[in-house]
Amino acid sequence: MESVLGLAVSNLTSPMILFFLLGLLAALGRSDLNVPEAVAKGMSLYLMMAIGFKGGVGIAEHGVDVTMVLALLSGIVLSAVLQLIAFALLSATTALSRVDAAAVAAHYGSISIVTFLAASQSLQAVLLEPESYMVAVAAVMETPAIFVALWLARGNGIRLDAATLREVALNGSIVILTGAFFIGAISGTEGLKEISPFIIAPFKGVLCLFLLDMGLIAGRGLKEGRGSFTMPVMAFGLYMPLIGAALGLLSGWSIGLSTGGIALMATLSASASYIAVPAAMRLALPEAKPSIYLPLSLGITFPFNLRIGIPLYIYLAGILSGGAL
Amino acid sequence: MKTYPKKRIEIMVEAPLMNRVISILDENETGGYTVLPALAGRGKDGSWHRDGLVGRVGSVVQIVVILDETRADDLLDKIFQLVSCQIGIVTVSDVQVVRPENF
Amino acid sequence: MKTYPKKRIEIMVEAPLMNRVISILDENETGGYTVLPALAGRGKDGSWHRDGLVGRVGSVVQIVVILDETRADDLLDKIFQLVSCQIGIVTVSDVQVVRPENF
Amino acid sequence: MKTYPKKRIEIMVEAPLMNRVISILDENETGGYTVLPALAGRGKDGSWHRDGLVGRVGSVVQIVVILDETRADDLLDKIFQLVSCQIGIVTVSDVQVVRPENF
Amino acid sequence: MESVLGLAVSNLTSPMILFFLLGLLAALGRSDLNVPEAVAKGMSLYLMMAIGFKGGVGIAEHGVDVTMVLALLSGIVLSAVLQLIAFALLSATTALSRVDAAAVAAHYGSISIVTFLAASQSLQAVLLEPESYMVAVAAVMETPAIFVALWLARGNGIRLDAATLREVALNGSIVILTGAFFIGAISGTEGLKEISPFIIAPFKGVLCLFLLDMGLIAGRGLKEGRGSFTMPVMAFGLYMPLIGAALGLLSGWSIGLSTGGIALMATLSASASYIAVPAAMRLALPEAKPSIYLPLSLGITFPFNLRIGIPLYIYLAGILSGGAL
Amino acid sequence: MESVLGLAVSNLTSPMILFFLLGLLAALGRSDLNVPEAVAKGMSLYLMMAIGFKGGVGIAEHGVDVTMVLALLSGIVLSAVLQLIAFALLSATTALSRVDAAAVAAHYGSISIVTFLAASQSLQAVLLEPESYMVAVAAVMETPAIFVALWLARGNGIRLDAATLREVALNGSIVILTGAFFIGAISGTEGLKEISPFIIAPFKGVLCLFLLDMGLIAGRGLKEGRGSFTMPVMAFGLYMPLIGAALGLLSGWSIGLSTGGIALMATLSASASYIAVPAAMRLALPEAKPSIYLPLSLGITFPFNLRIGIPLYIYLAGILSGGAL
């Protein structure tokens, strides 16, 4: 138990978490600090390009194996299972309408790429090397939840038209992430050497600035959201990631991932989307209230994972895989 | 200077819906349109501000269409069908244009 | 299509004042508003352009409020008090809306 | 609240022409103007979207001028000369202003 | 012939080309992936600042010689000659109006700085060092074409007023490129050392992201342009760069440039503008249709040069200068 | 006297100053060169984050001492004293209204963080290491002037309401600067190592691009401002920094700062705000004319400090502290 505390404390003095806290406090204190939208979008493009590329280079170096295929399949199954669990829990414990519950559940079936990044950085700090294809797992877990949500909300006059399907499947973040993954796989170590001063060296620094912005958004979302939250909804934002992590740990362990890989699988399952899914929900389930799902995912689950979840998942992954941690 | 009366339709919708509205305008063979970005706003669902927004949720655009009165009603019907269950407001006002073609 | 007459108030103010105007709108329980960013402009105090501006001085926003005539006068009074000694202009015009609620 | 009738001229032109239109406004000693950026649009020459644009071609701005009716006609003439052979549309509408000076 | 294939293949696995392709495919597949305008402008500022500065430092190191003067003169002459050839070909083979032909020709008289950059990177990969003043040649070839276009389109009531002249001559990209060139020349190696972690190290990576954006624009331009293109116009977009390259190779060789220098001279001649000239045409020749010249230059000639042209020009430059390539 | 010339000359060939000049000339020549607003804001966020963080790491390394406390106190006192001197001089020598004089004086009581950065870079070039807490001194000197201005302009129906106070005290630039300072102090050398490829390596290069933008703004401001300036006002923009520097030198020396620290104290005192204070004045003293204070601070005092002031202050600091310079 001490080591998890140690991890959690070192996590607390890492610049990334501190910049997130700064943003959160600035927003709660009503400072006018902000990151221009274009800069925020540019950073998110950069982060996804870098992470996809690095993942692809990993594949080029280590090749494809059966565990990778299992990991991808587990990701898809986990995503669907978690979403159904989330929907059942929300229907049972909260007063949310069917459509709202479906929309919230979709966020928890999908993943948060920034949470994934933060976990990767924490793993690096404790010298654990996760499998490089975990970024591909992240990519396959991002969108299916949107389709499941439409199915869950069926019977409310909701139809899936081809246009929505295409828009969802080809949304920008999926395209850049998987595109950069394939580019990394094709251009390999050679390609990485050429652009590593851009995509590797400044990566953590950019992540700090990006997390500052996430803190600002989370803080402002929390203030806006206050009104719409009931206790059961807030509680859901805190226990759902733990359920996700538990299932993620188990499946990561059962398919034979490394300690780092198990921790990332848990993190992905525990995290909730706040970019791709909300945008898709506005298109596909416009009756669902954004004032519930956005603040819940961004203001509660995201900070929870960042500050408490990640060190815990790493610790538990270490125990599960019998590692030295 | 001689001017000609037209209608100005302004549609404020969330950015994710923009492409849908534009498809309607295209199908209707409207002469043209212009989309202005909004920076911040408030509606039934609370307030939002563009800076710091990572995704597109919440941010609103204003779509401006200048067109002939004869075509306005038909377009309004179609747009209203889309916007009604969604977030957005539609206004119509009178304007004069200098060149009568293309509307 | 049936439409309902409303007023469109447009307020152009310097960005630092935006929050003040919005507070007034909030206090007045106006149904909603939208803020559009301006790119450049000229007024009594000379011209400005957004590109390259480091701070917020000089840059102007246009705040658009659609509301019922019955509430317009009261709001105009309050806004005018704020804007009068400051930089900014306020215009009012007639529009038709498609959904009468929420204004 | 007492208001005064004015004209609102809105000129949508491609960004490269913006400075030309502004020069005309300056020469005409128009009280002021505001330029709003557009995000996307469609006209005779096809559609465009701001994101990803490297140069300035294609992107459109909306120039708003509030001025007195007595000065509107003269300005319209001059602007129309510039815009006629170019891409752009000009509309005129009625507005009320709160402060009559400076227009 | 094998080595040109080799170069072309290695070109195909370079991250730069792959990111361009990713953008192209995303646009053709109607993905909503995009790079915010401000970020794209910021990157283009960065690229021009970096390339100008490096060129200037080169001058500070190696000094000015007679070949440099010849190269600058050749650049100007080539630009004018190519534009007249283009105008004659367009008038003879297509149904374009005089004004449209003049506008299209202007794009091919001018140059594309991103094509120049891509060629420089490919040269680096095969360890060829072009003359550092080639960036100055690029700068002098950028604007004259605009004035020639106005002269070609004369008789259509087109007058050159002083305002247009000044706007064209002092357009932002020329000012930052030549300004950074002189700053590089003044501050020399000392100055470079100070800012090289900014302008050298991440350069290729930024270029990747920028080419992603170019791919998106090119793809969207192609989709829009489809309607306006006739076969002869499209063919022009493919053979005109070859004519340009041929003349560029010859003059580069005849004035005694190095293999790398010859290849860059060919690339500049083969490339067509899509930033400075289109903006100038809207001001100076508004009757010309942007739906022809933009997609042609950006959707056809640019990808052609990037994927096929550059390796070919490098190969031919090697043969011409009797190099080992 | 020779060494100050030497410093001034080496200052003139530094890329930073040259990029500022390029911007200035481009603006005066009416070029359309510009830096998108979002990019400019992004760079200013970056610069403040980097400088704050580095300052905080310095504290983590060297600890807090009594001189630091004295330096912070001196900063606050200097800020107030300089503002009162400025107000008195403006009232005595110019025809400005009381409100305008109060607004202008506020700019000179506050500081310019970019001038501070440029001085830090010049110090580095001559191998002088200022105290790392000087960035904290900069932070405490930034805002008090705004409150003093409201007091000076009193009697014009001006009241300070709580909203204005909060907005001023929590303005974005103060929050990011002090926030990053504390984050640096908490995460220390460890944290710095993680993100130094982002916040240290490219710093000077980003500063070059930022100064290009400042040059453009200063140049455009000067052209706009021409009309509003009288000779006494312009003169004030030139002699006021010298008065500030003199007091800054004296107090820096009397509390026992190092040569570099004295030079920075002089620079802070000599510099005038052009970001935080102008924005606050529009809120708090809207009757004051921005067409006077912005061009004066940005178009006259800023370039003066950059080109002449900084080398002079460093030279004088060297003499005062009996250093070898």
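Going in written order, the chains are labelled A, B, C, D, E and F, and every chain counts its residues from 1.
Throughout what follows, a residue touches a chain if its C-beta (ideal position, glycine included) is under 8 Å from a C-beta of that chain, and two chains touch if they have at least 3 such contacts.
What you see is a predicted model; the values in this text were computed from it and never measured.
Visitor: Quick one: which chains contact chain A and chain E both?
Guide: Chains touching both chain A and chain E: F.
Visitor: What whole-number Å value describes the gap between the mean CA coordinates of chain B and chain D?
Guide: Comparing mean C-alpha positions, chain D is 18 Å from chain B.
Visitor: When the centre of a chain is set as the mean of its C-alpha atoms, what distance in Å lies between chain C and chain F?
Guide: 34
Visitor: How many angstrom lie between the CA centroids of chain A and chain C, rounded to a whole number?
Guide: 39
Visitor: Name the residues of chain F that each touch 2 or more other chains.
Guide: 32, 34-39, 41-42, 167, 197, 201-202, in rising order.
Visitor: For chain B, give me the residues that contact two or more of the other chains.
Guide: In chain B, residues 19, 36-37, 93-94 touch at least two other chains, as defined above.
Visitor: Mind giving me all the chain pairs that touch?
Guide: In this structure, the chains touch in these pairs: A-B, A-E, A-F, B-C, B-D, C-D, C-F, D-E, E-F.
Visitor: If we count contacts the way the header does, which residues on chain F are in touch with chain E in the complex?
Guide: Of all residues in chain F, those touching chain E are 13-15, 18-19, 22, 25-26, 29-39, 42, 197, 201-206, 208-209, 212.
Visitor: Within the complex, which stretch of chain F touches chain A?
Guide: Per the stated touch rule, the residues are 36-39, 41-42, 45-46, 49, 53, 166-167, 170-172, 175-176, 179-180, 182-183, 186-188, 190-191, 194-199, 201-202.
Visitor: Taking the complex as given, what residues does chain C use to touch chain F?
Guide: 14, 16-17, 19-20, 23, 45-47, 49-59, 85-87
Visitor: In the complex, go through chain B and note every residue touching chain D.
Guide: Chain B reaches chain D through residues 1, 3, 6, 8, 18, 22, 25-26, 31-37, 61, 64, 66, 93-99, 102.
Visitor: Please give the residue numbers of chain C that touch chain D in the complex, ascending.
Guide: Interface residues on the chain C side: 10, 12, 36-44, 60, 62, 73, 76-77, 80, 84, 89-94.
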